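The following blocks contain the structures, represented as C-alpha cells.
Two complexes come next, and they have one chain in common, chain A, joined by chain B in the first and chain C in the second.
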Partner chain A sequence: MSGAVDVRWPTQPGVGAIERRRRRFGFLLTVPALVCYLILILYPFLSSVVLSFFKSTLMAPDPVYAGFDNFNRLFGDEAFGKAWLRTLVFVVLATSLTLALGLIWAIVLNQGFRGAKLLRAVTLLPWVMPSAVTAMLWAWLLHGQYGVLNAYLGRLELIDEPIVWLASPIGAMAAIILAKAWLSTALVMTFFLAALQTLPMEQVEAARLDGASNRRVFRYVVLPHLKKTLVVVMVLQAMGNLQQIDVIYAMTSGGPASATSVLSIEVYKTGFQQWNMGLAAAIGVVWFFTISIPAVIYLRTIFRD
Partner chain B sequence: MLGTQRVVVAIKRGIKAALLGLSCSAVISMADDSVFIGWSQAEVGLKPTMEKIFAGFQAANANHKLEVVSLPFGQIEQNLVLRRRNNQRMDVAQLQERWLPPFVKMNALYDLNQVIGADKLAATFDPVMLKLGQVDGKQVAIPFTAGAITLIGNRNVLKAAGITNPPRTIAEFTEALKKVKASNKDVIPFGFSTKGTALMQVESTIIFWAHGARFIDEKGKVLVDTPEARAALKYLADLVKDGLIAKGNDRFDTRKLYAADKVAFFLDPPVLRGFVRAQSPGPDADAKVMILPVPTLRAGDDPPGLLWAHFLVMFNHGGASPKSDGQGAKLLAAIGMDVTAQTTLWRETGQIPTLKTTLADARKDSYASAFLDAAKTARWDETTRFANGAELRQIIGEEVEAAMLATKSVDAAISAMAKRLDTALKDVR
Partner chain C sequence: MLKLNKPGAQLIFVVVAVFIAAFLIFPLWWLVSTALKPEAEIFVKYPSFWPSAPTFRNFERAIGTSGLLTYLRNSMITAVGSALITTSVAGLAAYGFAKFRFKARQPLMLMLIAAQMFPFAVLLITIYPLLRHTGLLNSLTGLTISYIVFSLPSSIYILYTFFSQIPEELLEAARIDGASELKILRQVVLPLSLPGLVAVAVYSFMWAWNDLFYSLTIMSSKDMRTVGPGLMLEFFGEMQQDWGAAMAASFLASAPVVLTFAFLQRYFIQGLTAGAVKG
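Our next item is the complex of A and B:
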C-alpha cells in the first residue's frame, strides 16, 4: 500500500502457492503444541473463569449460576484482602532477597578467583532439588523441638530456650521467604553472571582511572549494564513467586493462623478442603489478574527489545 | 503437499495410538485388580502389621493384583473425594467417622448388608461397634477399630515430677502441668497440637466440652458464642502463654516426644500403643502409658471424650452391588473381618478390635478396657453429621489456632468462629 516491495511475495506465478504451502506446513508442525496448549492450559483456564460465576460445592456439585456472588463474597471478605496483601509482601520480599543474593554472588563469582567455577557449579545444586524436598528440609532445620538451627544456637549459648520459628507469623513468613530465596538464587545468579561477563572491562578501567570508588563503579557502570537483565529477572521472579505453592504448603500449610496463606494456598484450601469450587475459581481469577501485571511488563520488555 | 499430508497423517495416528493405549490400560486395570486406599499402612506404628495383612491377602489370591495406595491422614478425604468425582477406581478404603456423611450424601458407598449380608455382619461384629457404621438404616461401613480420644499420661515423666495421683479436675490438671514444668524445663507439660488446624479442632473440641461449651447443635444452630466457649479458649491460650503447651507441634511430633519422655500429657486415640512401641527406646514402652479420664470443671462430672472410629468402606461405582465372593468383598473381609488380622493388629499396635471374639479378648487388657471405658461418656464430633463438616472443622481449627497463637483475642476468635459457622451452615439448616 505504501509502494514498497513486499519481498515475501514474489511476483512469479506459482511461487506464491509454494510459499503458502510452506506456511501451512509450518503451522501444522505447531499443531501438537497448540493442541496441548488448548487442552492443558486454555480449556482449564476458561472453565475456571466460567466456574467462578457458578455455585459449586461438595453438597451441590452440579453448578448453579450465581452471577457475581462469589466475587462479591471475596471482595467483602476481610480475610481475602489480608491474603492478597500477604501475597504482595511475600512476592516483594522474596523477589528482593533473591535478586540481592543472586547479584552479590554473581559479582563475587565474576572475580574469577581460584575455585570460582567449582563454586558456581555447587551454587546450582539448590536449583535442581525438588522444591517440596527443599521445603521439608527447611522445616526440619527450623523445627522448634528438634531442629538443627536451635541445636546449634543452644550449644553456642545464644538462646536459652528453643525458638519455634514456624509458630510465629513473622517467623513463618521469614522462613518461607528464606527457603524460596535459597531455591531461586542459583538461577538469578546465572542470569547476572552471564550479563556481567559481557560487561566491557574498558569502561570499568576508565572509571577507575578517573578515581571512581567501587560503589561508583557499581552504580554508574555495572548497574546500567545490568538494567535489562535486572528487569527481566525481577519480573520472572515476581511471576514465579506469585505462583508459589509447594514451598509454602510443605513448610507451613499456610499457617500459623493463616500468616503465610497467600492466594495460591487460599485457592487450594477453598477448593480442596472446603470443597467450594466456585469460590476457589473466583480466587483463581483474581490471582490470574494479579499475575498478569508483571506478565504484561515482561512481555512489553522483551518485545520492545 | 506431500509433506503436509504426512504430518497430518502422523498426527492422526499419534492420537489414535494414545487413545488405544489408554483404553487398553483402563480395561486391564478394571478386570484383574483391586485398589485399597488408606493411611494406616503409611504410619510408623501400624505399617509392619498392615503390610503383613496385605501380603497374606495377596498370597491367598495370587491371580489377583492388589494395589495399595497410601496417603497421609490429612490428605485422605480430599483424595477420596477427587477420585470419586473423577470416577477413579477405588474398591476398599479406610475412612474416619467424620468423613462418612459427605460420601453418604454423594451416594458413593455400597450398603454392605447387600454385599456381605446382614446376618453375617451381625454374627461377626460386636453390635455396638457395628451400629457405628450405620447411616439411615444402611450399613455403609464396617468398623475397623473404635474407641475414644482421651487423655494420655506419661508415667515416667509424672513420677519424676512427683505426681502420684492423676488429675481429675481442670484446676488439678493445671497444677500438675505447672509441677511438670517446674521439675524439668525440657519436658512439654501438655502436648496439645499447635500445628495443623485439623488436629487442633479435634483436641480443642474435648477441652471445650470439658468447660461445658458446644459448637453446633443437631439442627445446625451455632452455639459457640457463649461465656463457656470463651473460658475454654482462654484456658488454652493461657496455657500457651505460660509455656505449658509448646508451639509448633502436631500430634505426630508429640507422639515422638512422648516416646522419648519429653511430654507429660496429651490427647490421643488407642492407636498410640503402636507408635510408642515403635518409637520408644528400651523394652518397657507399654509401661509408661497411662490412659486417663479427661479432667472436668467439677469433680464427679462425666469426663468428656471424642468418639473415634476408623471404618472400611466399599465405593459404589454404579451398577449392581458387588458379590460377596468378589475380589472387593474378599479384600474387605481380609482386612476388617479376619480374626487373625484383627488379633495381630490388636496385639502389635493396640488398635482396639471390633469383632465379637477379638473384642472379648481385648477387654481383658487394661489398655483396651481403659479406652472402652472412656468411650462410654464420649460423644461424636458435633461437625460429623454435616456434609460440609470439613469446612466447619477448618473454621473451628483456624479460629482456635489464631487465639492460641495470640494473633487474635479470644473474644474476636469466638465471634469470628460463630459468624463463619453460621454462614457455612446456612445452606444445611
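Our next item is the complex of A and C:
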C-alpha cells in the first residue's frame, strides 16, 4: 500500500471497515420488523403447523400428539372436499369478475372524458368501506322482502315473486361474489389505470395508421403492455379472495346450510366455535398449500427484477 | 386509446360505462338514501330513489340506542396505533433492505414478503393463546399489536420500491459531507419518503379499521368492541330489522376511512401502484 492510492477500492469484493459498519446499520434497521415478524407471523404459523399434528379440543385443550389423525379425518370427510371446491369456485369467479370489471373500468376512465377524475375517486370508495358495512349493505340491497334489487326486477317484470337471495345456496354464493367484486373492482382499476398511463402512445398511433381496429389495438398493443400488471393483480386478488372471511362471515355466516362456508370460515368455525384447534390448524395447513400456488407465482414475478 | 368515431362504438362504450358506474356507485347511494329515509319509506315494496322526507331520526337511533360511539373510539385507537407502529417498523426495515447490502438481505426480505401467504385465520389460532398468556386478550393493546400482522409484509414491500427510487448519489453526497447514517435517515431520506410513508400509514389504518374477524375473536366484552363486530352484532341479524338505523350506523362507521382516504388519495395511489406497475 505504501501511501499509494488503492485504485481497486470501489469495486474490490472484500469490504472496508466503513462499509461493514454501514451494512451493520442497515441490518439493525430491519431488526424491529424481524422481531414483529417472528413473534406475530412466523411463530404463530409454525406453531399452527405443529398443532395440526396434535389433538386439542374444548374438552381436552392440552395438545396430545395424534400423528396424521386430523388430516386423515379431513381427507376422509366429504364435507371438507366440498368446502375446498366451494373455496375454489368463490376464488375463481370473484377474481375473474373483479379483474374483468376492473380492466374495463380502467379502459373507460383512461379515455379521459370530462368528469373521469371525479368518477374515479367516487368509484374507489367501495374499497375503503369496512367489511361489516359492505356485508350489511349488500344484504340490504338483496333483502328478500324490501330489497331494492327485487323491487327493480319486479318493476321491470323480470321476476314475478321477490327472491330471497341469501336463502338459496346459489343465490348466497352469487351474493358474496358480487359483494367482493364490488369491494375490489376499483382497486384493480387503479393498478390497470396506472399501467395504461405508461402505455407508449406512438405504438397505438402506429397501429392506427396501419388501420388497426380497437380490438386489434387492444390485443396486440395494450394487452402485452399490461401483462405484468395483469399477473400481479390477478395473483394478489386470488390470494386476497382465498383469505376472505370478513364479508362472507358477516353476510351469510357460511350459510345457508354450508353453501358459502369457504376454508377461512371452516377454520373459524372449527377453531373458535367448536374449539377443536388441532383440526382447525390442519384445515389451515391444507389452505396454506392452496394459497401457496398463487403466492409462488407472485413472488417469482416481483423478484424477477 | 380507444377510437370511438362510429355511433355503434360510442353506444357500446356509454352503455358499458354506465353499467359499471351504476354497479359501483348505486350501493353507496342506497346506503345514504336509506339512512335518510323515515321508516314509512324504507319498508315498502317499491322504495323510491330519493328520500321524499329526509330525516336524521335513523342517526339519532343509531347513536342513542347502541354503543356506536364507544366502538368508533376503540376503532380509532387501535387503527391509529397499529398504523403508527406498522409504518415506523416497516419504514426502517424497507430503508435497510433498499439501501444497505448486508449479507442476509435477500432471504430475509423474501421471508418477510412471503408472509402475505400465511392465512390470517390460521395465525389467529396461535395468536389467541399468545394474547391470553400475556393478559392482552380483550384489550386494545392486544388488538393493536395483532393488526400488525395484516399490513406489515405488504407495507415493507411498498416502501421498499419507494426507497429504491431515492438516488444513491444523494446519500453518498451526504456521507461525504460527514453526516452520520442516522442523520441521513432523518434529514435526507425521511422528507423524501413522506408520501410513501403516508400511503402505508393510510393502508394500515384501513386494514385495521375495516377488520371484523380478529376483533370479533379477540374482544369478548361489549365495551371493547370495534366498529366491525359492533355493527354486525348490534344492527345485523335475524332479530334486528331496523335497516334505517343500520345504514345510518354504517354511514358513521365508514366516514372516518372515507375522509382519510379522500384527503390522502393522491399519495396513496402513487405509493400503492408503484410496486406492481413498474416496467
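Just so we're on the same page, the second predicted complex is superposed on the first by the 286 of 305 C-alpha atoms of A that agree within 3 Å, B and C clash if a C-alpha of one lies under 4 Å from a C-alpha of the other, contacts with A are read in each partner's own complex, and residues count from 1 in each chain.
We adopt the following convention: a contact is a pair of C-beta atoms (placed from the backbone, for glycine too) under 8 Å apart; a residue touches a chain by one contact, two chains touch by 3 or more.
Just so we're clear, the structure is a prediction, and the values are computed from it rather than from any experiment.
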Between chain B (first) and chain C (second), which, if any, makes contact with A:P32: first, second, both or neither? both
Which superposed partner A:L51 touches (first chain B, second chain C, both, neither): second
Could you say whether A:L137 touches chain B, chain C, both of them, or neither, answering first, second, both or neither? second
Looking at the overlay, does A:V164 come into contact with chain B only (first), chain C only (second), both, or neither? first
Mind working out whether A:F272 is in touch with chain B, chain C, both or neither, as first, second, both or neither? both
Regarding the shared-chain residue A:P256, is it in contact with chain B (first), chain C (second), both, or neither? first
Have a look and say if chain B or chain C is in touch with more residues of chain A. C
Touched partner set for A:V217, first chain B, second chain C, both or neither: second
Taking the two structures together, which residues of chain A meet both chain B and chain C? 24-25, 28-29, 32, 143, 272
Which bits of chain B are touching chain A when the two form their complex? 1, 3-4, 7-8, 11, 14, 78, 81-82, 85, 102, 105-106, 185, 194-197, 246-249, 253, 257, 262, 387-388, 390-391, 394, 398, 401-402, 405, 407-408, 427-428
For the chain A and chain B complex, residues of the former touching the latter: 21, 24-25, 28-29, 31-32, 57-61, 143-145, 161, 164-169, 253, 255-259, 269, 272-276
Considering the complex alone, what residue numbers of chain A touch chain C? 22-30, 32-34, 36-37, 39-45, 47-48, 51, 101, 104-105, 107-108, 110-111, 119, 121-126, 128-133, 135-141, 143, 146, 148, 151, 154-155, 182, 185-186, 190-191, 194-196, 198-199, 204, 208, 214, 217, 222, 228-229, 232-233, 236, 239, 242-243, 245-246, 249-250, 263-264, 267-268, 271-272, 277, 280-281, 284-285, 287-288, 291-292, 295, 298-299, 302-303, 305
In their shared complex, chain A is touched by residues of chain C numbered 1-4, 9, 13, 16-17, 20-21, 23-25, 27-28, 30-31, 34, 42-47, 88-90, 92-93, 95-97, 99-105, 108, 110-128, 130, 145-146, 148-149, 152-153, 156-157, 181, 206, 209-213, 217, 227-229, 231-232, 235-236, 243, 246-247, 250, 253-254, 257-258, 261-262, 265, 269, 272-273, 275-279
